[in-house]
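In structure tokens below, several structures.
Presented sequentially are two complexes of chain A, the first with chain B as partner and the second with chain C.
On to the complex of A and B.
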């Protein structure tokens, strides 16, 4: 347990004897260093935070995992996109499970992120010194919604087509730049193959990267701003 | 803490259990059960059939960008041993297409990607092209075989014919090169019908007066009928400003004279009017039934019509007979005395005063219902208000259709079928009239419309047959052919009717003398046939022009007889032997009073036919007339020559 090899991988020396050893486990672990060294017991009670932030995060992880698997079967092209949905449903092993999991996790994430905000708001957890983390949280909420919206077009069925039509038309009413934003979003003046590619890249690359970065920042700020409130 | 661990443990197990559902569902899928059934079924068969491995199967048609997984369950589709197996194992019926290169859904529709029964066959929110019922299946043939009438597609051919006859293109844009068929012009209708009463009855429901009419029922309100009647009655002069000649004195004087009427009756039957016009359903159906004509049209109109129908109705296919004025008047008198509707309601209103603005209201209605789409009417205010473009109706999505309050299934074919059957059920504002077609015709038209799609197909799949070039003789001959409407019954160079023989190479088939005499007294060549050519009373010089044309233009040089063929007595005797003994021709043809009734009697062949034609015909009848019953007996050339010699020796003594 004390070999060069073990030490090169795990930084903590075993066995754990003192409180310092215990805290070192936390410090030295990538997954756990997010926790403060000391946590008040009431803060980890279910009724304190309802675990809403963590549930949202785990849903995001589930979405990334299922999403990457779905990407293996998906082409952002017409009419292949819709046919790929059919393939997932009828021929890919557990494909429909994968797709449903992605879909339900996305719906649930919107709900849990929203409830998380409610909890933070009513607890007054947005107050000093956590004001900026609230701002990051708002951006995270917006990203969640945008991910939902961009993912909606990808099956390319009637529902998604019209949802995006409506969405894009709402964007058009932004003063001055509305039409340009719409053009940018759709990759043209009407929904077509380029829109599909644009939404695909947004949904699978740009927005998830922004999301991951902001989640990291959000978690880091929780620690630095004094733990859970 | 132990309590929390218990909760963790139980939820973890529960999640694992839930996760197991998905692979289980995969394993117990419907198609696997079907394939197991298949393997069990073929074991019981006496013949040996290879069992199916339990795998998904599909046909990938890359050119059509289609993947059809139908063969996953339709396992025996290409196995001829399973022709009588139950569905879905049965083999496909014989078709001219290779299943592997065409796939399934290009013809049958349905969701080829699906692997369970209901998703693959039935309409759903995620697939609006369910499997086509057999009654519309031919529509798929029509998607590639554009304008091509195949013998495998009777319904499609029928539908195309109906569309053309009902003049759907009068209101709708349609794909397929339909030509407008003849529809009477309404010019002069005010001087044609006996009274306004007839017109109101007609407009209310044309089928009630004449069940065979092509005019549909526009379901007009009483007020609309009144206005339209007033409006139409105001058109007194015929096309190009033609006015009716008044009835000749001979008619006025003799119209009630029995001898005069008998003359009319004789001419009426000599001219074989009933070849085209039925009288109380007896006779042809090419032209209107004449049983009640005298209660519809005025005597003056009838007289003028027989005299020169082309003046009153330009483009009509009725021949213009060469009757004298006396004969024409006599026929008019006969029709006036005989063809009266005894039950027709009397015109109760002696003098009808149309409302002041009847013309404006009338033209508005005329345009609203797009009457001008079919009927010609000389008025500057006629404008076309066409119906929807139907060139891509077969590609219409179900969500684009307003099914209104109807409770028909939400599929495109049910919609089209119902729309043709009762057009007004989908909304009060619809203008389309009711055609009251029988079920088969309704379905045939639906099939044609379903075939009108805009999904691009690869070039090598599509077969477009250009509409045949129209044979349109000009000059003197052209005028005569038009005057007697020869092409209504006969075909020349792929143009014309199919009732009577093709005349494209008549100059190489018949003898000139016989043709000339036949024009004067036409008779039926086959004793069992009722139809025969009407006596058109063609003038001498016209006969000369026509025969001249026949023998100079309508000939086929390859049909001439080689020089030096043997028509000696021995050859004739040999031919007779072949006729009587070897080929038994008398079982169908009459010679010398004995023989069958299938083919024409051959007694006067030597007076009627040309030897070259007889010879070539005998060698291969189907080459010249594919549908003929005459067997292709495989005669040697020597036999054909002997037989020709014999047949050409059969002459009447005259």
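On to the complex of A and C.
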């Protein structure tokens, strides 16, 4: 196993004998090195964190995967958007499964992120030195809500249209700049082609990129602030 | 003497605080700052569309002869309700609820206390009277009222600005 070929791909040398070898598996891997090499046993008990952060993260991964697949059959234009959504339900093989998975994962993510925040709050896990990670978490929650909101318009049915009308009019009540923000958000005075494209770009590119960067920062801070103990 | 000697060069260094290096660093920082502000402005400008494929805000709502006295016309496209009262005068109200922007409906049957008919919002239950004032509900103020004109037997509405209850009346 421990051939030149193996070693050219995996940095860890075989065979694994000592605890140092075991820790190096984690340490030397891009995907794994975000984990600590050692954790306290109580810190990985279910009742300690209820795994809510990780559940939220895996829901986000599921949303990215299903979302990218849905993008292959979706055009952000009027009336294509609504027709594409209906085609996904009734024409595309397994399209309804993907769409429902995306929808349910989105709903669940809002719930798990919220429960995660409750857990952190009631266990006082936001206290020093983790204050700033709480702040990052608040932004992650806001991004989750914004992703939900922007995704809501994309089917472009009656429910979408009026929910976004109401949301955009709430923005209008922001003092001084409210009307300008609404104009920029909608790309006009009312919901139209530009709005759909804007929400599509926000939903599929800008917000997920912000989310991914902040998730990276959030996880890095967990380790740097002392991990779970 | 020693004190004076010490003071001398210190004063000089205080005056000469702007060294060549410091000058170029601050000049560079200022240039970056101006470029950043400029790009922000250009980006904001880019984000606001210059051409909107929206409906014109001043348009012919109908012919005078076609709109009977004591009638209510709902223009779904422009989101407008046009009233022609018994006495013959016209006025136009926005059909966009002032609460959160849903489209209100004209209810001919009215509600108790308002048998002349009311305008109701289906989203959050706001109710307006026939001239657009809030009777109840979350709506913070009356429906927008627009100026109307009569030109060549055509009834024209100008939705670019809202007017008062008196100004909205078009007597024919």
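Assume the second predicted complex is superposed on the first by the 228 of 229 C-alpha atoms of A that agree within 3 Å, B and C clash if a C-alpha of one lies under 4 Å from a C-alpha of the other, contacts with A are read in each partner's own complex, and residues count from 1 in each chain.
Note that in this section contacts are C-beta pairs under 8 Å (C-beta built on N, C-alpha and C of every residue); 3 or more make two chains touch, one makes a residue touch a chain.
Just so it is clear, the model here is predicted, and its values are computed rather than measured.
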Which superposed partner A:192 touches (first chain B, second chain C, both, neither): second
Partner chain(s) touched by A:86 [first = chain B, second = chain C, both, neither]: first
First, second, both or neither for A:94, with chain B first and chain C second: first
Which superposed partner A:157 touches (first chain B, second chain C, both, neither): first
Chain B versus chain C as contact partner of A:184, first or second or both or neither: second
Touched partner set for A:227, first chain B, second chain C, both or neither: neither
Partner chain C, residues of chain A touching it in the complex: 162, 165-166, 168-170, 183-184, 187-190, 192-194
Residues of chain A that touch chain B when the two form their complex: 79, 83, 86-87, 89-91, 93-94, 96-97, 157-158
Chain C residues within the chain A interface of the complex: 44, 47-49, 52-54, 99-102, 123
Residues of chain B touching chain A in the complex: 21-23, 26, 56, 65, 67, 69, 111, 113-116, 119, 126, 399
